[in-house]
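Each structure below appears as structure tokens.
Each of the next two complexes has subunit A plus one more chain, namely subunit B in the first and subunit C in the second.
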Partner chain A sequence: MSVHTLRIDEKDVSARAGQTILEAASENGISIPTLCHLEGLSNVGACRLCLVEVAVVGGGTRLAAACVTAAAEEMVIQTDTDRLREYRKMIVELLFAERNHVCSVCVANNHCELQEMAVSQGVDHVRYDYLEPRCDVDLSHPRFGLDHNRCILCTRCVRACDEVEGAHTWDVSGRGTLSRVVTDLNAPWGASETCTSCGKCVMACPTGALFHQSSTVSEMIHERTRLSFLVDAREKKQWHA
Partner chain B sequence: MEKNELVSLVEAERASRRPVQVRVCTASACLASRSREVAGRLRSAAGRAGMVDRVDVREVGCLRLCSAGPLVKVEPEGVLYERVGVEQADSIVGAIGGGRAEARIGDPSGPFFARQLPMVLENSGVVEPERIESYLAAGGYGQLDRVLRELTPEEVVEAITRSGLRGRGGAGYPSGLKWATVAKMPPGRKFVICNADEGDPGAFMDRSVLESDPQRVLEGMAIAGYAVGAEQGYVYLRGEHPLTIHRLRLAIDQARRLGVLGSGIFDSRFNFRIDLRIGAGAYVCGEETALMASIEGRRGTPQPRPPYPAQSGLWGSPTLINNVETLANIPAILREGAERFARIGTASSKGTKVFALAGNVCRSGLVEVPMGTSLRTIVEEIGGGAPEGRSIKAVQTGGPSGGCIPASQLDTPVDYESLKALGSIMGSGGMIVMDDRADMVDVARYFMEFCRDESCGKCIPCRAGTVQLHRMLVRIRDGQATRDELHRLERLCEMVKHASLCGLGQAAPSPVLSTLRFFREEYESRLTGG
Partner chain C sequence: MARLRLATVWLGGCSGCHMSFLDLDEFLMDLADRVDVVYSPVVDAKEYPEGVDLVLVEGAVANEDNLAMIRRVRERTRILVSFGDCAVTGNVTALRNPIGGSDGVLRRSFVEQTDRDPQIPFAPGVLPVLLDRVTPVHSVVSVDLYLPGCPPPAPRIRAVLEQLLDGRPARLAGREIKFG
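Right, the complex of A and B next:
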């Protein structure tokens, strides 16, 4: 197996062939912000928070999503420039403006990756119009709930359901900002014929969009590492705690 | 069908021709103004006049001057009739062989036609799109036949590379290089896709080519399949174009029946079949990775590249994706030779380009000019300039991914690099002329609304960014924005351009950025204090 050496944030690091920039960075203690990425699931490069600057031959840099870009020999990467920080801040602000993310009344308050991202990226206000869309809440499932107001369309639930559970109950309907995650062909979750009620989508959700029905404000703690635990156990026969 | 049977078919087709041909345009625009009724009436008029053995009424493809439709052309006299009404049919037949018809006569040697160089459109308005015999009689499939007999796949790729052809979908990637990449992938299942998902507002080139000369595109695909080692092709087409679907479906059926598509084409060992895939009306499905996802039956959203389709495309197999016009160039390049093709155009942009000329211009329609022709020639000479004493303010190229070029830059030659330097793009060929009444902020707002509605919703910069950009543009247009808002607009444009996943999002700010570059005062003059 071949190994590449590259430079991330002025640090020489090595990466196995096929590893992404994100994996190489994280193995070397360099943290790159992510939202749509989740260990154990495939990468889609959708949230664009993991964009890094890759030096190009002849000067200048190009932006690449670290989660879907393979580490290559002699790459020179910057993960934390002024430009990237500004873009990340704008992206998080756009998310807050897009739907109704009111932390104080959210089940996931203090356990929310969007909230943490806002803090880590220094978002102290939102420069864009709050769109305040009217979004539905689906409580038809006996155990779980779906609140579209909190959904950031990261599609982790879609991938967890398809790739780990193998049910593909979830998908996305509509387009643009009107996109919605849906169960089956937009049937109420409780009426879904494919849902196994395994709860993996709830584990994967970064925000308060998917939750246990018993939870109230600040009580929804996602078990996001359970998915990579399952995947590693299945595929690598590794049973980590 | 054996080759000698095909030859006799062509001979029969040629023998069936009568001395006078009355060609009626039955492409979308003329059909919409009842050209099929005109054709029917011309036929019955010829019958009544006892001229059936002298006069042939043929339903052909686009005669290009769409603004003057329905168009009727009488050959060999070369008389062009414009805005032909059903009631004028009798007099047109009466005027054959001398006399004057009560229909408006156009000028086939006027600047609209004289400044054009039809190559992709050479058969448009000549052959009958719904009859393969007509294409065969015009020499169609001759290049596929020759290529299969005389050239190795490598030699075909070589010829395309030498011709300097670049992708006509907009980005201008060298076609030969793309073909070579797919050809060099290890043998196995490969695909050829024709991207006919034309969706730019105001663009109708690819649709017209497919409506007018569908077999030509199929021949181009088959040659591409031979060159890269693929046996299956797909045409990905918009569901909104029912006539194109009908003609292409008919064309594929006819080609299959005659054996010019299928197994052992022209007694060679080459097999190639083509199937249609109809999109459900998402603009983003013109992006190649989204297009392939849609063909596979998945949600049509783009995926990060690499891997590029040439390495891992449809169902993970190496896939060649070319635009309609690119493929329509192939038979002509092989017939004329790569060197002759490369002599047309400029140093970096070879051949011709088809434009859909529309907007505030006297003559609109389908235009094919050599690369390097100036915008002024297209807009003022071919198009006849702005109507009713108006003056031209800007020319929009490249649709929602392109920009507005101001009248002061009309001497710019159309080639990939020159248009890019002006902050626009060649694009697939939409060209919208705007006169002095155009409100450039509103033009930018219009295109942003289009991108907002067509964003697939996968990546945040495009999905949420276009919504906010649109709102800002509305406020600026309505005089409700401050200078601070303009700065916010520019910074968000920059982020959406650089951070979006696919070409749709990356290019969505282009109309804003280009109008800011050339018409900044229209933005600034509307800002309010604060």
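Right, the complex of A and C next:
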């Protein structure tokens, strides 16, 4: 198996062929912030928080999403520059501005990856005007709920349902700020003929957008590592604790 | 050293941030030794005075009184702290925004949700007129420091006050900026 040698944050690291920058960094103890990435699922580069700077021949750098960019021979990468820190902060602020995220009354308060990301990226207020779109809440499923106010369109639910459960109940409809995750062909979740009610989408959700019905403020604790448990069990025959 | 002139202001919020301020407990005694509280819901001052050194502003800007007040506060204050999630993000106070302008909100609350005598309250000079959109404080005036939390825990308030009382530029470290 071929191995590439590259530099990440002034450190020489090696990456196996086909590994992404994110994987190479992670194996070498270099932490890059991520939000749409989830162990056990494919990567789509939706949130852009894992942006890194890759040096280009002749000087300067280009931005690349570490989760979907293959590590290559002699790459020189910076993961934590002033420019990246500012962009990541902007991304988190724009996520807050795009929907109606009200941490204090959210089912996922204190268990939310967006809320945590704001803390880690130094977001103490949002510089942009809130869009405040009118968003629906789908409570038609007997066990689960969907609140579009809290969705960041990471598509973890879409991928978990497609790749791990194999049902592909979820997808994304619309464009731009009108994009919404949908079940079946935008049927109410409770009327979905493909949903197996397995709950993997709820496990995967980084925010309070997908939740167990009857959970109230701060009660929704997602079991996000269950998905990588299932994938490792299926693909590697490893049942880790 | 001259005593610091401290004010606290209550705009569109639930007063929970002020309750958390009172949770400073014995630190309030230390504070009383070092500041004059020149305006606050907990002192009897009718007018926001000139020459305030430091103000904690609770609540979002939700009505015309809030709007006039925050502008006056900014003009007359050296350091303005956005105090709690409603001031910082709009929070619960801004939950009404997606419903639409003030007409839609009043109709929803006082007509659609009522089963007898539905009427929209109208009392000029008594009830401040709602703004069409609730906004965080920093979208109206410049803010010097953000103190998030719903409410901000007392130790977080104390950390800010201690830094400012010592004349240091205040900043909240690490997890102390968490919303919610």
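By our rule, the second predicted complex is superposed on the first by the 241 of 241 C-alpha atoms of A that agree within 3 Å, B and C clash if a C-alpha of one lies under 4 Å from a C-alpha of the other, contacts with A are read in each partner's own complex, and residues count from 1 in each chain.
Note that a residue touches a chain if its C-beta (ideal position, glycine included) is under 8 Å from a C-beta of that chain, and two chains touch if they have at least 3 such contacts.
In this text the structure is predicted, and so the values were computed from the model without any measurement.
In the overlay built on the shared chain, the residue A:109 is in contact with subunit C alone; subunit B does not reach it.
By the touch criterion defined above, A:179 reaches subunit B but does not reach subunit C. Shared-chain residue A:160: touches no atom of subunit B or subunit C.
In the superposition on chain A, no contact is made by A:71 with either subunit B or subunit C.
In the superposition on chain A, no contact is made by A:209 with either subunit B or subunit C.
Look at A:129: by the touch rule set out above, it reaches both subunit B and subunit C. In the superposed pair of complexes, A:118 makes contact with subunit C only, with no contact to subunit B.
By the touch criterion defined above, A:227 lies against neither subunit B nor subunit C after alignment on the C-alpha atoms of chain A.
For subunit A, the partner touching the most residues, choosing from subunit B and subunit C, is B. In the superposition on chain A, the residues of subunit A touched by subunit B in one structure and by subunit C in the other are 129.
Residue ranges of subunit C in contact with subunit A, taken from their complex: 82, 85, 88-92, 94-95, 97-99, 133, 136, 138-139, 143, 146, 148, 150, 172, 174-175, 177-180.
Across the complex, subunit B is touched by residues 44-48, 51, 63, 65, 68-70, 86-87, 90-91, 94-95, 97-98, 127-129, 131, 152-153, 155, 171-172, 174-179 of subunit A.
Partner subunit C is touched in their complex by these residues of subunit A: 96, 100, 102-106, 109-110, 115, 118-119, 122-126, 129-130, 132-135.
Subunit B makes touch with subunit A in their complex at residues 282, 284, 299, 303-304, 306, 452-461, 463-468, 471, 488, 491-492, 495, 498-501.
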